[in-house]
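The same chain A turns up in both complexes below, where it pairs with chain B and then with chain C.
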Partner chain A sequence: MKEVDARGLNCPEPIMMAKRALIQSPEGIDITVDDRAALENVTRFAKSKGYSVEKKESGREWRLVIRK
Partner chain B sequence: MEKDIRIKLKDMVHSSGCNAKLPPGDLRAVLENIPHYSDEKLIGGYEKNDDALVYDLGDGSVLLETVDFFPPMVDDGYTFGEIAAANAISDIYAMGAEPMVAMSLMCFPSCLPLSVMEEIMRGAIEKAKEAGIRIAGGHTISDREPKFGLSVTARIEKEKVWTNGGCEENDALVLTKKLGVGVLMTSFKAGEAGEEDVGKAIGSMRTLNKKAMESARDLNVHAATDVTGFSLLGHSSEMAEASGKSIVIDSSALQFIDGAYELASEGFLPEGRYTNEDYIGEKVSFSENIPLPLKDLLFSPETSGGLLLSLSESDAKKYIERMEGKAFIIGKVVGKMEKDILVI
Partner chain C sequence: MTFGKSERTRLALTGALIGVLAVILVVSGNPRNMGFCIACFVRDIAGGLHLHTAPIVEYIRPEIIGIVFGSFAISIIKGDFKPKSGSSPLLRFLIGALVMIGALVFLGCPLRMVLRLAGGDLNGIPALLGFISGIAAGCYFLSKGFTLGRNKNQSALEGAAFPLLNVFLFVLFIAFPALFLFSESGPGSMHAPVALSLLAGLLVGAFAERTRLCMAGGIRDIILLRDFTLITGFAAIFIAALIGNLITGNFNLGFSNQPVSHEAHIWSFLGMAVVGLGSVMLGGCPLRQLVLAGEGNADSASASLGMLVGAAFAHNFSLASSANVGPGTNGKVFTVFSLVILIAIAAIITKKESGK
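Now for the complex of A and B:
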């Protein structure tokens, strides 16, 4: 599955990266974020496009498993 | 000077407009720790969360002082100058006064041509002229990111000052601009917002709250503020708290700039949406039927937003007529409840 590293980036950059990655890999992506706004916004974006989102937290980072 | 159209001011900054405000909880933590020396002439300062300080001149009038500056949310210097000026002067209108004079604050990167600074200043000067005032000097420093704003002074009869703390039960709450600027400008930065919708957001930000203030001056305004970085819910909550009342916001009466709701539904939300909820989330309750994008919009920072006025229902109706479709009743004031704000 396509991996996206959006750590260290502020909104709207992570959501733009998620959008681009999902166009290339429509079946899903795994994206890592370390900013709460990025976590929330990418989750909202993926759900609005009909994807399921599973969140795995480790410390101050979140890995979002986004699947069709 | 020739205008350099390749420069994209908004891409030079990490956050922009009133979204660049420090998270309110952080600011409060600092304000609680610093000494507060009283001055009997200082009848309104930052402990009251009002829009400007109020200094008693002792002759029946008061001096109002406010300062506001932020990084650009648009690419064009002139438009940025207009927006920054309209936003800064708004704090004076929110106190019910006419501005008198202003000074500018400019942070400017050495990598940019000076023509950009000139454009920012031109935009601000013309907007200040529209407000009937001059920008009489200022201060400029070199900085990595551009930022601009004004310090604005006004003088008004002491009895005529509007504060944020006089809401009365059964007052109607009136808002004078549509919401959604913060969401649209975040989406604009992401390249997702429609050109026409962005144009409407920019048009809203560069509009002075002059008419909004003047149309209410002969009415009995019980409380007033303007809606900026702390969001509609944040500023309403400050008003409710300062008045010892609660406010019920009718979600069906709220108006949003075209495109804002759809973009909020897709998650194009400013960072301030989350820090605002951290600060005031506990003071707000939502009816079960309120969808997430609506909550997101109500917690999102606005830049150069409208005035929020608390008036009797009959005065509110007169005001709405005078504003010719540019103001809406969005809720009412009720007795103190457990929460400051209830969104139904």
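Now for the complex of A and C:
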């Protein structure tokens, strides 16, 4: 599955990365974010596109498993 | 502070709160249609700090200090405080300065643009169209890969420095007011009581931190993502302030004789196009920069300091518009120059990123 590292990026850049990655890999992506705004925005974006989102928290980072 | 069920409800409540507070601040002494204006207030602080010498716009606006500290306090309480920096701090400083100058050509930040519209000032319409155009241009670059780069986690002191600097300024302002300049006439002389201004700022800072309310983000999300969540705050501010202005008799529909305003529509359009594009590049409007700086984002603190310096330059070099008159030659030339510079920065970075 396509891996996306969006750590250290300010919104809306993580959403843009997720959007581009999902065009390349429509079946799903794994994306890592380290910002609450990015976490919520990427989750909302993926759900609006009909994907399921599973969140795995480790420290101050979240790995979002986004699947069709 | 958990209030409201959905994100959209929380944004609507926060927007309504900002609109109501803006009306209350005007009734209590702030200039009309200027309950809040990040650009005008940072400009007044620049004057108060002797950074420029325009005698009618000098005051240490407690609203600004309150917004930064409100965001700082709530982000610590809620575990959102995260010291970070390193995402092109100097470019952010410069973009912040250009955004400020663009706003002062129009005579208002995006928040005041909405408040001006809510007061019936139709000169806000060309400004809104310019703002949307600037945001659309920013969205084009974002969709092509524009980024100011990654930040890194930093020490707590790096994140807390800007909020603490604001507290220090407030203490000096209360304890040693003679250090600062205060307007005796004009918009800088008009202000609500200090305690009320500070409280309003604290509330706005705290609620804007929780909801991530942003005047540019709402339009950006519609263009880029067809997402209408963030625009809710923008709309709620307008509606609440409109109702408040109608009740308090501060609604005056038309183009002429509007408070701290001008009818140079092309320059309102272009000034706010600079603000729109710059805000998208920075990841948020001037209000959002202050809130992010409160959360420990020192890059946004850098953009905020850029706004302060930009405001000083705007008045020292006659770039800011005069009320009722509009921009002079310097302001017109620099507005076009700012647009060219912002587009050049965005294009150069986007080209480099798309080559990766």
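As a working rule, the second predicted complex is superposed on the first by the 68 of 68 C-alpha atoms of A that agree within 3 Å, B and C clash if a C-alpha of one lies under 4 Å from a C-alpha of the other, contacts with A are read in each partner's own complex, and residues count from 1 in each chain.
In this text, a residue touches a chain if its C-beta (ideal position, glycine included) is under 8 Å from a C-beta of that chain, and two chains touch if they have at least 3 such contacts.
Computed from a predicted model, the values in this text were never measured in an experiment.
Peer 1: Looking at the overlay, what does A:60 touch: chain B (first), chain C (second), both, or neither?
Peer 2: Second partner only.
Peer 1: Once the structures are superposed on A, label A:12 by its partner contacts, choosing first (chain B), second (chain C), both or neither.
Peer 2: Once the two structures are laid over each other on A, A:12 reaches both partners.
Peer 1: When the two structures are overlaid on chain A, which partner does A:44 contact: first (chain B), second (chain C), both, or neither?
Peer 2: A:44 sits against chain B and chain C alike.
Peer 1: Now for A:36: first (chain B), second (chain C), both, or neither, which partner does it touch?
Peer 2: Both: A:36 reaches chain B and chain C.
Peer 1: Identify the residues of chain A that lie in both the chain B contact region and the chain C contact region.
Peer 2: 10-12, 15-16, 35-37, 40, 44-45, 48
Peer 1: For the complex, give me every residue of chain A touching chain B.
Peer 2: It comes out as residues 10-12, 15-16, 35-37, 40-45, 48-49.
Peer 1: Note which residues of chain B are touching chain A in the complex, please.
Peer 2: Going through chain B, the ones touching chain A are 14-15, 186-187, 189-192, 265-271, 273-274, 292, 296.
Peer 1: For the complex, give me every residue of chain C touching chain A.
Peer 2: Residue positions touching the partner: 7, 80, 82, 84, 86-87, 142-143, 145, 147-148, 150-152, 212, 217, 220-221, 224-225, 227, 229, 283, 292, 297, 299.
Peer 1: Taking the touch rule as given, give the residues of chain A at its contact with chain C in the complex, in rising order.
Peer 2: That would be residues 7-13, 15-16, 19-20, 35-37, 40, 44-45, 48, 60 of chain A.
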